[in-house]
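In the two complexes below, chain A is the common chain; its partner is chain B in one and chain C in the other.
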Partner chain A sequence: MFRALLWTQWRESRIAVLLLAAIALVAPVLSMNRLGPATEPWHAWDLLSASMRWSSSYPIVALLAAIALATGAWRPDHRTRHVYALSLPIRRSRYLLLRYAAGLTLLLGIGAALLAGATIAVLRVQVPPLLHTYPVGLALRFCMAGLVAYTLLFSVSGLTPRAARLLAALLLLLIIASLVADLLGLGWNPVERAMDALLSPYSPLSIFRARWMLVDV
Partner chain B sequence: MTDTIQICGLEYEVPGFALRDLNLTVPSGAVFGFLGPNGAGKTTTIRLLLGLLRPVGGSIRVFGEEVPKGIVSILSRVGYVPERPHLYPNLTVAEALSLHAAFHRRFDHGLATDLVARFTLPMNRALSRLSKGEMGKTMILLALAQRPELLVLDEPTDGLDPVVRREALHAILDYVTDTGATVLISSHLVHELERFCDWIGVLDQGTIVAQLPMQEFKSGLKRLRVTAGASAAEAPFSVIARGEAGIGGEVWTVRGWEPEMSAWFGDAYPLREVMDLDLEEAFVELLRSARNPSGREA
Partner chain C sequence: MCRRWGWAAALALLWANPLAAQGQAEALRRVEAQLDSMRGVAELRASALAAASATDTAVAGRLRVTTSVPLRPLAQAAADQAWALLVRRFGASVTSRATIPVIQFGDATSSPLAGADTSEVARGFERLASDAIWRHQGALFAEWLRGNVPGVEFPASDRAVIAEELLRTPARSNRACYQGDAAACAVSLGLRVGPDTLAEWYLPEAWPRLATMVGGQLSGLETVSKQQCEQAGDSAACRAILTPAHVLLPVSVGGRRFLLQEALDVGGDGAFERLTSAGDLALADRLSNAAGLPLDSLLTRWSTAIRAGAPHGPAQPSWELFLAAAWSALLLLVVLGGPRWR
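What follows is the complex of A and B.
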């Protein structure tokens, strides 16, 4: 059953998965390209700044992968009004888990591509003393961030149209409240507060604010 | 004979539509035609039967198991062809077969291969690119290949051309002949059901109007040409509709007719002719009488 659902998920999101896996593979390699020889005095600085420059691309790829896989997970069922899925002889909770796991497997595939790219990248550079490479750490962070975002988006995209409308209305209300607060000069912006809460150190989404460095001290 | 489907006092309501105290029994091994005009509630009843919708009252039992409690076990024994295509459109026919087989333990790959050849289906074409007829045949193929004990077919041939319709119905009939499976087939194409159903249930405005063996349904309904002036009071049959027919004549549509009842008319107002009604006429008359019960004795 899992293989069959994995195949439907692959058919649904294969273009996005292949594209994102290619980016995940190539980005770390490109980040370590065009560096001067290891004998140069500024080599360590170059490594760190290159690593810093590219660090924001990894969470973006993780988020895009989560969006592509979460929406792709439910798209065939939404299109067919869930009639096929509901007429299968399987408990709904199990079906949900299988669908979730199928998307997660493809996400891990993109994570593996990142690990491969990061490993190739660090093998091609000479790292001066005091600096360290983190290909596994970067890939793990990518997978964790992807997992958090995918889980959240999988839940949202699996909502019934009515629940989705309610959520959209809530978001709209938040934005309107924020605009009104700005106009009245209250000094209190609900959208900012919500974003702060979502990305606070206590939130699982805070992983997106972490240091995504391939080479670091 | 046991019953494969037992629906008792089923209640369901959404804005603008309701099923009220619906009772339906489908005997095992029967080919049960579920008739009704558009919007009567056939699809809703089927969706309730398969646990796709939740009723607000009443009970549904399939193979003796309660819906929705035993739905997983029930669905493993039911082949379902919905009114509209429900398969994932980006899969090919071959992929749809693999997906379906993964969820149905009794999936018969041999039968599937035979049906693919019989229906001449393009295995590597995406379902979204199939013609309406090919899509209909694919859905029937999947439902049959899982070797179900109950086939639930919701307008399976609606919109198909006569050749495809015949192919599909023959495949279903062959399967039923081989396996003795029970079939619940909903349709508003009355002639189609007349050919192969042995039971019939008629649904109108969310209520079951009649359910009985096809033979009984057809034989009891007659159109009588009688002499004008005859009274239908105390007749041993019920008069569903009554109208004038030429000079000195009337046409009665009756239910519960038996040949020996001709004598009831006597010599004063003799019975001139007894005509058979085909299923479509019987269906229309039945609906008319159900919607206007007071008009039975016009």
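What follows is the complex of A and C.
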């Protein structure tokens, strides 16, 4: 059954998965591509600058992968109004777990592509003493960031229409409240607070805030 | 206002007739001193205006905050907090003598903000007051810190930036400094540098690229030197453009500020007074006196703190990864426990 669901997931999101896996494979290699010889005094400068410049691309790929896989996981069920799922002689939770695992497998595939690309990239450059390469650490953070974003979006995509409407209403209310707060000059903005909460150190998305450096101190 | 300062600087330059005979640095120092005194007058004027436009005043020690009646409780609480922070940081004897301009908090019609954070306001007051205290400590610190007075405490997270700088900037002494060599740190931080600062900091191979980083307003001669250094690597041209005022510091001002903070933290009571005591002491001696330690010990301590604050790769801290896994598990449980299909 898992294989069947994995196949469905693959069919729904294969273009996005292949594209993102290719980006994940190529980005680290490209980031270390135009570096001068290691004997040059500015080698460490160039290496760290390149690492820093490309560091924002990894969380973006993780987020895009999560979006593509989460929407792909639910699309067949939404399209067929869950008839296939309801016809199966298994519990809802087991079915959802299998669907979730199918998306997760593909996410790990993209993570593996990043690990391969990062390993190739660091093998091609000579790293000055006292600097370190982090291909495994980068891939690990990528997978965990992808995991949390994928789970969050999987949960939102799987909401019942009523719950989705409630969520949309809540968001709308938040925006209206923030507009009213601005008009009244309350100095307190609910949208700002919500964003702060979402990116606070203990929030689900806090994993996206870090130094995603392939080469670092 | 900027335009007025610009005119003032230009007039001051014209007025300083024997400029040609003196070194450029000396002339600039004199103009800076004049600008500082003019800034002081402007501050006093702003203080007087602030005092006139508000209707109430919160006082804590020598900290005076003019504000509106509704804002006064918040201003008073914040001023008390700020004063306690200032006394802890600079010592009672310094703060009791300090000349702090009146701080304006809102105007006569301001009303309290919902959810205003007293600590946040207090930090703002503390920053303004400590800026004023530092600005009165003479040119030695202003020059070493390149005009960036340490208004707020140096955040621990910025140590990672200094660690990166030490290993990224191709200064000769930086790597040894990162590994804990105090003498190398003294060079990197500009505390023990000989007359040939450029050669002591950087290898000649690094000079052309350093020249590309020189920005700001350059004279015609400087622009020519910059181009010759960049394109031909002409060492005389490089020396002409890569003066201590223009060249990239091996460790930025942040690192210097952190050393100052370390010296004050280690020195405890009276550290700021020892740091800024009268007399013709060199900066290195002042830092050593403030910390109550030999300079090398202070620099080793600084280097250790920088290494401790260095980043350890994207997989660290590991609790962040566990937190992500925990959030994922929780969200998944919520979805799996959902009541229905659609």
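Here is the rule we use: the second predicted complex is superposed on the first by the 217 of 217 C-alpha atoms of A that agree within 3 Å, B and C clash if a C-alpha of one lies under 4 Å from a C-alpha of the other, contacts with A are read in each partner's own complex, and residues count from 1 in each chain.
As a convention for this text, a residue touches a chain if its C-beta (ideal position, glycine included) is under 8 Å from a C-beta of that chain, and two chains touch if they have at least 3 such contacts.
Only a predicted model underlies this, so the values are computations on that prediction, with no experimental measurement involved.
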{"item": "Clash or fit (per the criteria above) of chain B with chain C on chain A", "value": "fit"}
{"item": "First, second, both or neither for A:P76, with chain B first and chain C second", "value": "first"}
{"item": "Angle at chain A between chain B and chain C, C-alpha centres, nearest 10 degrees", "value": "150"}
{"item": "Which superposed partner A:M144 touches (first chain B, second chain C, both, neither)", "value": "second"}
{"item": "Which of chain B and chain C A:T8 touches, first, second, both or neither", "value": "first"}
{"item": "When both partners are placed on the shared chain, which of chain B and chain C touches more of chain A", "value": "C"}
{"item": "First (chain B), second (chain C), both or neither touched by A:L183", "value": "neither"}
{"item": "Partner chain in contact with A:W212 - chain B first, chain C second, else both or neither", "value": "second"}
{"item": "Which superposed partner A:L86 touches (first chain B, second chain C, both, neither)", "value": "both"}
{"item": "Minimal inter-chain CA distance - chain C and chain B, angstrom", "value": "9"}
{"item": "Residues of chain A at both interfaces, chain B in one complex, chain C in the other", "value": "81, 86"}
{"item": "Touching residues (chain side chain A, partner chain B) in the complex", "value": "1, 3-5, 7-8, 11-12, 76, 79-81, 83-84, 86-91"}
{"item": "Chain B to chain A touching residues, read off their complex", "value": "50-52, 72-76, 78, 80, 82, 84-91, 95, 98-99, 102-104"}
{"item": "Residues of chain C touching chain A in the complex", "value": "113-116, 160, 163-164, 167-170, 175, 178-179, 202-203, 205-206, 209, 310-311, 313-316, 320-321, 323-325, 327-328, 331-332, 334-338, 340-342"}
{"item": "Chain C-facing residues of chain A, complex", "value": "40-42, 44-45, 48-49, 81-82, 85-86, 92-93, 96-97, 100, 128-132, 134, 136-138, 140-141, 144-145, 147-148, 151-152, 154-155, 158, 160-161, 186-188, 202, 204, 206-207, 210-213, 216-217"}
